[in-house]
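Listed below are the structures to be examined.
Same chain, two partners: subunit A is paired with subunit B first, then with subunit C.
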Partner chain A sequence: MDKLRKRKNVISRIIFQTATIAGIFALSILLFSIINEAFGYVIFVNENSPADIYDSDKNLNDADEDELIAILEQNLSKGLIRRFNFEKPFAERDVKNILELVMVEVVNPEIVKAWSLTSSIFGRKKILDTLAQDYPTGNLEFRSWLTLKFLFAPQSSIPEKTGIITALSGSLLLLLIAIILAFPLGVGTAIYMEEYAKQNRLNSLIQLNIYNLAGIPSIIYGMLGLAVFVRFLEPITSGQIFTTTVNNTANGRTILSAGLTLGLLILPIIIINAQEAIRAVPKSLKFSSYGLGATKWQTIWHHIIPYSMDRILTGSILAVSRALGETAPLIVIGASTFVAQKPNSIFSKFTALPIQIYQWTARPQPEFRKVAAAAIIVLLVLLLTLNAGAVLLRNHHNQKKKG
Partner chain B sequence: MEVNNNILNLKDLNVYYGDFRAVKDINLDIPKNKITALIGPSGCGKSTVLRSINRMNDLVDDTRTEGEIIFQNRNIYNPEVDAVSLRKQIGMVFQKPNPFPKSISENITWGAKINGFKGDMEQLVEESLKGAALWDEVKDKLDENALRLSGGQQQRLCIARTIAVKPEIILMDEPASALDPIATLKIEDLMKTLSKDFTIIIVTHNMQQASRISDYTAFLMTDENRSGHLVEYNETRTIFINPKNKKTEDYISGRFG
Partner chain C sequence: MKPDIDASFFEKNLSKTLQTKELFIKGLLNFFALISIGVTVGIVYILSVEAFLFFSGGEVSILEFFSSIQWQPVIKKFGILPLLNSTLMTSLIAMLVAGPLGIFAAIYMSEYASNKFKAKVKPILEILAGIPTIVYGYFALTFITPFLKNIFGNDIVDVYNTASAGIAMGILIFPMIASMSEDALSAVPIGLKQAAYGLGATKLEVSTGIVLPAAVSGIMAAFIVGLSRAVGETMIVALAAGAGSNFTFNPFKSAETMTGYIARISGGDIGYDTVDYNSIFAIGIFLFFITLVLNIVSQKIIQRYREIYD
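So, the complex of A and B:
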């Protein structure tokens, strides 16, 4: 009898351990494949090699301003030179800026082949062979696809020049709008449902609906957003009734529409989390407040909200991180797949990180997969930051509650 | 008992939770500036009676109260009586110490603040803590979180918090049952002192406690329908030495309950 019980114990422990290990294994593979793509050797070929355009013993990097301007004038058309001068006169530009112009416009390196991290480490010989045989004029470089430049560059059709600033700022603006809509509305609803609503049939029906809404597939919210915000409320969401100067082709497919849709998407999650937080406030705390002659509102404002705020915030942050990764509703609403400019108002066309990643992985050039991997890293870091923030907040408040 | 000295009159009080009649036809006259104890076996409705005096029962769903409680010449269950301002006059101390998760001084000042107190807050804190015999123990750490205090100190802080609002009556729902014997004694001493300025109504399970501190004692019991009703009400000495009712005698001599 005792032996049997012991054996059952061992078996169940092994099963649970296996499950945990399998989970960790899957997660490691995911992270590995992303990092594997985001770093590695590349071969780039220069349109004009620095040695050809710079007739000197020195390196191009050490050339002074006048020499660099001379190179530009030699190699570029007069119209282009005039345009650069118009953007910012050469006299006001520093050496670094002009050097960059030379590199981009004249040298113009283009990546022709890229390898993953593992093949860069283990297949170095093969890479060198390829370089020697296929690209005699090419240069080999170890490249991180995730660079500071990548973070702040606008979208481009050339993989090594493209960046995620449009998608990143789109995503952050979307979240901001979603939070502004969903947080006050969600917390308000939760307070009403927990503190004011009487237990009757109507309210149980509402409660049931909130639970159901939290489980509805996000694409349905996309349809809702398309019908309501994009089509029906187009004059508002496209900004036409506020100003006549809005002159874009968004037609309601704006950041505002998408942000409101994401707000609706996370609203039920925020409500449920906030309700649970408010329910966790000890009855004794409420009673002691009422016992001192506090009104309902004073009790809610001074005791219930402060006591439950950490849990409300934790739940909301987790809801927001869900919104950050949502793709389906944005596709339905009509996120643009190519936006070269940062959104400049809530009535702009937009793209978002997951949309951008999806779009890059769908491109035929293999280099864009590397770019996508770099963008995934950015998205994951954002998500982890949000979740870590939630955990820190919870710990901080837990300590405060214990005194 | 002289009628003019009563601060509170319960007349035919009935309390229902849904269909269940928890308390049946209670008639009680509570004398001013005395300690009145409600005793009785578990579930006899003594806490329900206590909570109906400052309308705490309103906060429980599905509660219905019939009968009258006369305080300052009006029935507190009249529709025009505001339960919130009533609770400023009839304060309450609970079984489990429940200070706010704030600093000691904030615990005292909060009730005064929401009631529009405009005077000197520091003085109020000192006065109230002295009134609750806690001042000497906490005067150096008024900004510390109240939850760091011991259970007995927390309960005295709750009493201090209640007297800071300056009520007429203080209701105490088994205030010492979660405390150790020494802390209990301190609370009991405190109640004696407080009864000079306040009327105290206390629910207690502990018959020795009732006999030690109270001036009047009401004994409640459940009937065959589990509804609580008043068996006997008199001066504490009479109840404990010479009870009129056989059931009271059985209960206080420990034969049941």
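So, the complex of A and C:
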């Protein structure tokens, strides 16, 4: 082999290898940039410093109940004190609870500046300089934006207090409605296409149509949902025909509308996966069932569905994970920008985890970017769990079929 | 799709109730299958009705819609070219990133990499292909844009720009193109390769001279599916490409795409039957047909190359 050909061969190999690694590297940077934003130093500035409101040489954490109540009474209006007392009398509250009240209402620490993980590690000196120069009264703290509180707090306009419980419960309800619509419809269609449909023009049109539906941009499904579920079916999707007391400002932009739209969106994915699952059922199984005199439906119900169920479920889990991350159709349908309460019915206004991430990212304050990063981590962990579930199910299936 | 044996022969001997049950179930499942057609019909119907209202409103003619380079709904200028232009720009940048990377990675995985490496990388690519696009939008805005600003200068690169959105989109479709192309490359019969090796060809010569040409249709299909994905992609451009239409060929300037406009307008509370409301459907039907054509073309190509080797 001459030298030139050999050299070309080696160089090209390096190029191909580099491309593969570059692609994976880009994706790792993506993940890293999110983690980078979700942790880092922050500077707190207290509205009232603990030294001012309490004895300057003692720690606020050591104060007893009476002292804390005294602090509250000194710094808050009478009306506010009465409200807290009404919510739960001070006598019944424990020290921890009152301390928290003092921290939130009187000390009221506010984040004025936040850094990313890398600048926290490599630029510590600069951060300390900023603290000394610009915020002499501030406290430096290493903060994880992803906390338990963040998971269970409702939405708030203050970045350090906001949380994702409303968005999470919204997403959960959306997925539930989507799967209730799409699973029976999708599996039913797949059974029809694989077991009943004769090869004629209509059925090949249906098949072609299913493949095309899977390729339509999700925002178009959003427009379908907007015109059909939100506008045309408003009396149903806003729940007006079910209750006489019309107490609804959602105008059809409800969890039900959004869930149904997501259901239509994942329908082709479920059909295609279920078709593949049913196609993989061994012919011998079917023939033996027919041979014993079973009808078509008896064969399908007792043999084909049970045999292919775990593969159908695997495909459906993947479809659900697709629905979980969908943002564009929900925006078109009209997700609400601010929902502070958990949805109480399927006729409530809605927000969802990806919508929340979108809104936080689009805000100008840099702190909200950190909050968005924390929410993205939650979303990715949920997706990873779903995917891992699907993979486990697949492996379980493979082992069973082998054994 | 084709039932292999017909059970209806036996069904004549069934009891009446069992027969009705079988018929009822068949009818029900048939109805389910027709619903998927209904979804397509619904999409086409709704998009065309609203788009018709848009064009019959007297504000804009179809000719003006496709020729004017101004999209300013406030002053009643509805020319789709600026939106289309930025859609094509983001998609082109995405393909420039994902195309070479995807195809090189596919060649490496199918021709060079060990099975062990392949078994590790493919699931990673699959999982990464499932990351929601909103995450890529966040990445474009918080990482790629500052990165571009560092390289090209703060004044040249806008906060919102099509380059950043396009690059993020390229990373998004890279796993898809790599995976689909790898499938196409692996489907090339091993005999072709062995014959070439037998004649003393190098690995490069086999990969680019034998395998690549044999799999070219599958790779083309992968590119077209990737392009269709890029054209319809919404969240990345909504976050990173900017609001407000702008007819520019400069990738560092802010320019709204078709999907970005739809998302922004429908995200605010708009009244039904306004020009704004109808305009998103006019754009929607245009978008629908672009992606439909791309999808059908890619399916035809895939069908064709399947026929060659099956």
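Rule of thumb we're sticking to: the second predicted complex is superposed on the first by the 379 of 403 C-alpha atoms of A that agree within 3 Å, B and C clash if a C-alpha of one lies under 4 Å from a C-alpha of the other, contacts with A are read in each partner's own complex, and residues count from 1 in each chain.
Operating definition for what follows: contacts are C-beta pairs under 8 Å (C-beta built on N, C-alpha and C of every residue); 3 or more make two chains touch, one makes a residue touch a chain.
Everything numeric here is computed off the predicted structure, so don't read it as measured data.
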| item | value |
| --- | --- |
| Which of subunit B and subunit C A:295 touches, first, second, both or neither | both |
| First (subunit B), second (subunit C), both or neither touched by A:158 | neither |
| Subunit B versus subunit C as contact partner of A:194, first or second or both or neither | second |
| Subunit B versus subunit C as contact partner of A:303, first or second or both or neither | first |
| Dominant contact partner of subunit A by residue count, subunit C or subunit B | C |
| First, second, both or neither for A:267, with subunit B first and subunit C second | second |
| Partner chain(s) touched by A:280 [first = subunit B, second = subunit C, both, neither] | neither |
| Partner chain in contact with A:128 - subunit B first, subunit C second, else both or neither | neither |
| Shared contact residues on subunit A - subunit B and subunit C | 198-199, 286-287, 290, 293, 295 |
| Residues of subunit C defined as touching subunit A within the complex | 1-5, 7, 10-11, 14, 18, 21-22, 25-26, 28-30, 32-37, 39-40, 42-43, 46-47, 50, 100-102, 104-105, 107-109, 111-113, 121, 123-125, 127-128, 130-139, 141-143, 171, 174-175, 178, 200, 202-205, 207-208, 225, 228, 231-235, 238-239, 259, 262-263, 266-267, 269, 272, 280-281, 284, 287-288, 291-292, 294-296, 299 |
| Complex contact set, residues of subunit A against subunit C | 1, 5-6, 8-9, 12-13, 15-20, 22-24, 26-27, 29-30, 33-34, 37, 184-185, 188-189, 191-199, 203-213, 215-224, 226-228, 231, 264, 267-268, 271, 283, 286-287, 290, 293, 295-297, 299, 318, 321-322, 324-328, 331-334, 354, 357-358, 361-362, 369, 372-373, 376, 379-380, 383-384, 387, 391 |
| Touch list for subunit B against partner subunit A, complex | 54, 56, 59, 61, 84-88, 91-94, 96, 98-101, 110-111, 114-115, 145-148, 158, 161-162, 165 |
| Residue numbers on subunit A that touch subunit B, as the complex places them | 198-199, 282, 284-295, 298, 302-303, 307, 400-403 |
